[in-house]
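Common to both upcoming complexes is chain A, partnered first by chain B, then by chain C.
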Partner chain A sequence: MTTAAHNNRLPLTALFGVLLGAAIMVAPLVWTLLLSLKSNSELMRDSSAAFSAPYTLENYRAILVGSDVPRWLLNSIIVSLGTTAAVLMLCSLAGYGFARLDFPFRRTLFVFVLLGLAIPEQAVILPRHQLFATLGWHNSYPGLILPGLAAPFGVFFMTQYFRAIPKDLDEAAMLDGASRLDVFWRILLPLTLPAQATLGVFTFLGSWNDYWWPLISATTSDKYTLTVGLAAAQMNYAQTSGLGFLMAQAVFASIPILIVYIIFQKQIVQAMAGAAVR
Partner chain B sequence: MMERRVSGMVFVLPFIGLYCFLLILPFVMGLWISFHRADLFGSRHWVGLDNYVRLFADPVFYQAMGTTFTLAVLIVPALTLITLLLALALNRASRSAAIFRGLFFSSSVLSVTIVTLIWRFVLTPDSGLIAKLLTAMGIEPLPFLSDPNLTVPALAITTIWWGLGLPMMLFLAGLQQIPQDMYEAASLDGANRWTTFFRITLPSLRRTTILVIMLQTAAQLQIFGQAQLLTQGGPSGSSRPIVLYIYEVAFGRWELGYAIAAAEVLLLLILALMLAQYWLSTRGEEVQR
Partner chain C sequence: MTSLSLIDVRKSYGATPVLDGVTLEMGDCEFIAFLGPSGSGKSTLLRIIAGLEMADSGEVWLEGKRIDALAPGGRGVALVFQQYALYPHMTVRENMAFGLRNAKVPNTEIAARITQAAQTLEIDQLLDRKPGQLSGGQRQRVAIGRAIVKEPKLFLLDEPLSNLDAALRNRTRVELAQLRQRVRAAVIMVTHDQAEAMTLADRIVVMNDRKIQQVGAPMEIYDRPANRFVARFVGSPAMTILPAQGHAASGGYAQVQLKNGTLIQTRVSTADLPDDGEIEIGLRPEHVTVTAPGSGTIDGEAVIVERLGDRTLVYARLDDGSEIVAVDRGDSSVRMGVRVGLQIDGACAHLFDADGTCHHAERDQL
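And then the complex of A and B:
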């Protein structure tokens, strides 16, 4: 089993187990896809109809014209991209500062940031809701983006990355008369692109899939993210327009993130494992 | 000179400012509010430890704690074992292994609302996939989302399906770090597959296993969306985990101070878990040396 390097063939029982597992992973997805391709009235009589033709794209058309789903998609894109861009900027600046510059209380501040890693969402989300309510920030894009910016893991991650870059590089540039901002912007930042990609994809995914905060902060349908909108759709399922339409929403909402996953598979796996080990 | 040194701070200040405002301030506010009878609309009245005293006399809180621990006990060992086996099977360089790894990880990138939407119509007894399969085999469909004995296992199954990816990848990373010459030496000594597994592979995965168990336990203590969406915590609270309890107290009963007190208790549990992980993994190293 473990002598993979010597014996590259999987024992038959293991192969069977993997195939069974794969079937259990795939079956709910296929079921969802089939349901989404059926007319609602046919499913109303019996959902077994999903196993046989005729199939239709009617539910997807209904999503694109005259439903709130495209609006939620747009909100999700704005919030996730906004969060990602801001986190990359803040964490790169702070990572460079902590790794390369000397200023009073540098070590203390760094430890102060690391302490944030030990504070789970649950311990801050309700008071933060209260704080944002006082400031009138709910149901707005900044209200949805800001909480994602307090990302101590990102600062830790970028600081480690900057530290690993040889110091001779910036010293040589400084001798040539480059300013500190030049060194950061033109020399070091381009070298951190792989780290930016990893942190960026990780932040994007977390923001895209976040549920707890947008659920309590975005309470009007026009500010729902896709995640919250889909929650509302399934809560109101009994009154709305049918199973096929609902499942088409699930498929529709999965497509963007699955595309991101297929493109950035390596970064996503690296980032999630990295955040876990830290 | 001093001036230049202070100016270095400019790079970290934007982050530090937001961090204080969005994480540290709410954290301190939370501790403060938990000593008040406070509602969602800002009225506050100092009550000292009263919220905590009430909490530890509240049978619904104990029920939620119990449900949370049951979920963790159902999910964590199963998830650890399944992902360890998957990692062992898929730790090879072939193309098909890479495809399977990608497949088992893919569910982790979906949001909780998509996962519950999918699983609702797998589990539901009238139109769900499992019901269809059982009926085809002549078995009565199971009411997964309404029978108090089945709701918690249903949440566990959904969560395992959703969460396989990360622990599998952690185990794979752990397997990659085992030096190959250990296996070569073992095979020279004529060790069989099982001896090799129990003497080399499993001990080498000790740290990874502790990490997986602790991460998963911490995640399951905070389980929320699945329960809120699939079962609404019901029937009669039998599937209501602690975070859903906090949510309901805050946004259903508007008792903010009381809800935050419950959140602080959860925070202590999670911190204890982190310390346990640290202690377990460092102690192990001393023993090995």
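And then the complex of A and C:
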């Protein structure tokens, strides 16, 4: 007991090290935040003005009224949520199928899915672009969402998770008169919630941070996602819109992701620690 | 009225046969134990009855209705799993209600049945907990409760006590026996613990090698085992089986000669025995008692002495190297390595012929 409690306390030097590391990592974020709170004219004179008052919310007001940022934010939310919901649905169904159903070529098909993990996006992006162009799917939500639905890792992950659930439960439910759909929907799916959360968070973050495909697919400003939109704004070398405004955009863009992190902190840490299953 | 009947049920997994023509008839409200070593097909048979596994051929009838083509939920059977298989995300109450909801039992009726079962099983305090918050013994009760509320025609229990510690197991065994008085339904319990089978069952079905070896009341299985396997498998420590040198008739009963020439007069009628071929003699430990060296039927060396308190088990090695188990008083002075005399009660001996069939001593017709 005493040793365990003692071990939980970091030695002073280590504590200092961790604090220093944290400070170094937080510094640019704080700087960004401070810059976003300064008026442009002040920053033009002296960029170190960020460290002293007066602060203003002017840049944020500009985002909300005069810019495309809210629109891009909405696009990002639609694309990310759409992708996440669809991926969870498809991967759960596929995982259940691979783990529980017996059908011809199941193993072969599973290997085939796993091979999907080995195909880099770069290898398929050109044909995909052409395909979508032919189908006229560029500059549309489906065009932004659909490529994200091929999720071999998610299928693999959910399959493993379903496999770890004892078959006794399915059988007990069947003896309780449950149909196959009941078993899936009322017994197994609720038990995969931790996996859904993990996969959901990663899919959401991946989709939110994706830059390349939206850059190719969304060519009109009204279909930009945040990543593409903000990057486009940075290309504005003249900095006419100002450093403070740019930083405010960055802060603004990171708010949804911050919320996701805060809500799903536990799942993210678990997944990072590789302890997601079980 | 017959409850369950199995007619020539066969099952193989791929090329491996697991059940080879199982036929069984169960009486009304009878408690039957499937007893057998690991891999003898007990669970498989249970799963076939429950509908979780399809038999390759054969028929399953329950209370006059053929059920082998029905879905598991529609058969009127409830299965208690070895690992309990409670739904982890549901409370105890929801666990018990799940099957009833699926069967469209009205809500008031569900509540009444759950209350009733919870009282019987003394789990009424636990109804709002999740399985993860229960001890092993409590989970087991909930699993039984989930079966009881369904009011099935037949309960199937797959090694229901095997996950409990010794003390809890004994208690639960007694409780199961009591429960059985209250719940009027037929029960099949799979076990490889013979004490469990002997205490609980009306009849025991001994299984081995894909087949039913013997069906009978517990004491009948013990006293009159059908063959070598049953004789060795039932009883602890196991029956000693010694090779014999053939036999002669003496007053209509067989007299067998052990390897060292010792003669043992049995009460097995020679009429049933084959005239030639190998013969073995089987002796339960309680029919061999320890005496002073030279004063018994045969002498041997005590190799293991197991003191059980009320009696002492002596594993003795005969001069030809074979071993025999004998009993002595609880305060026995026999130590390992000493020579002992063994008094064999030939009147209780069993004889096995070459194909393992067991021939029993004639019962006293006093």
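Quick note on the criterion: the second predicted complex is superposed on the first by the 243 of 278 C-alpha atoms of A that agree within 3 Å, B and C clash if a C-alpha of one lies under 4 Å from a C-alpha of the other, contacts with A are read in each partner's own complex, and residues count from 1 in each chain.
As a convention for this text, a residue touches a chain if its C-beta (ideal position, glycine included) is under 8 Å from a C-beta of that chain, and two chains touch if they have at least 3 such contacts.
None of the values given here were measured: they were computed from a predicted structure.
Applying the stated clash criterion after superposition on chain A shows that chain B and chain C can sit side by side. Contacts of A:L114 after superposition: neither chain B nor chain C is touched. By the touch criterion defined above, A:A197 reaches neither chain B nor chain C.
Once the two structures are superposed, chain B and chain C can be ranked by residues of chain A touched, with B on top. Across the overlaid pair of complexes, the angle with its corner at the CA centre of chain A and arms to chain B and chain C is 100°, in steps of 10. Judged by the touch definition given at the top, the superposed model places A:L81 against neither chain B nor chain C. Residue contacts after overlaying the shared chain place A:I187 against chain C, while chain B stays out of touching range. Of the two partner chains, chain C is the only one touched by A:L175; chain B is not.
After superposing the two complexes on chain A, the shortest C-alpha to C-alpha distance between chain B and chain C comes to 11 Å. Looking at chain A, you'll find no residue that touches chain B in one structure and chain C in the other. Residues of chain A touching chain C in their complex: 166, 168-169, 171-178, 182, 187, 190-191.
Chain A meets chain B in the complex at residues 1-6, 8, 10, 14-15, 17-18, 21-22, 24-29, 31-32, 35, 43, 46-48, 90-91, 93-94, 96-98, 101-104, 106, 109, 112-113, 116, 118-131, 133-134, 146-147, 149-150, 152, 155, 184, 205, 208-209, 211-212, 216, 226-228, 230-231, 234-235, 243, 246-247, 249-250, 253-254, 257-258, 260-261, 265, 268-269, 272-273, 276-277. The part of chain C that touches chain A in the complex is made up of residues 50-52, 71-74, 77-79, 81, 83, 85-89, 98-99, 102-103, 146, 150.
Across the complex, chain A is touched by residues 5-12, 14-16, 18-19, 21-27, 29-30, 33, 40, 42, 82, 85-86, 88-94, 100, 102-114, 116-122, 126-129, 132, 161, 164-166, 169-170, 173, 175, 180, 183, 187, 193, 196-197, 200-201, 211, 215, 218, 222, 224-225, 229, 243, 246, 250-251, 256, 259-260, 263-264, 266-267, 270-271, 274 of chain B.
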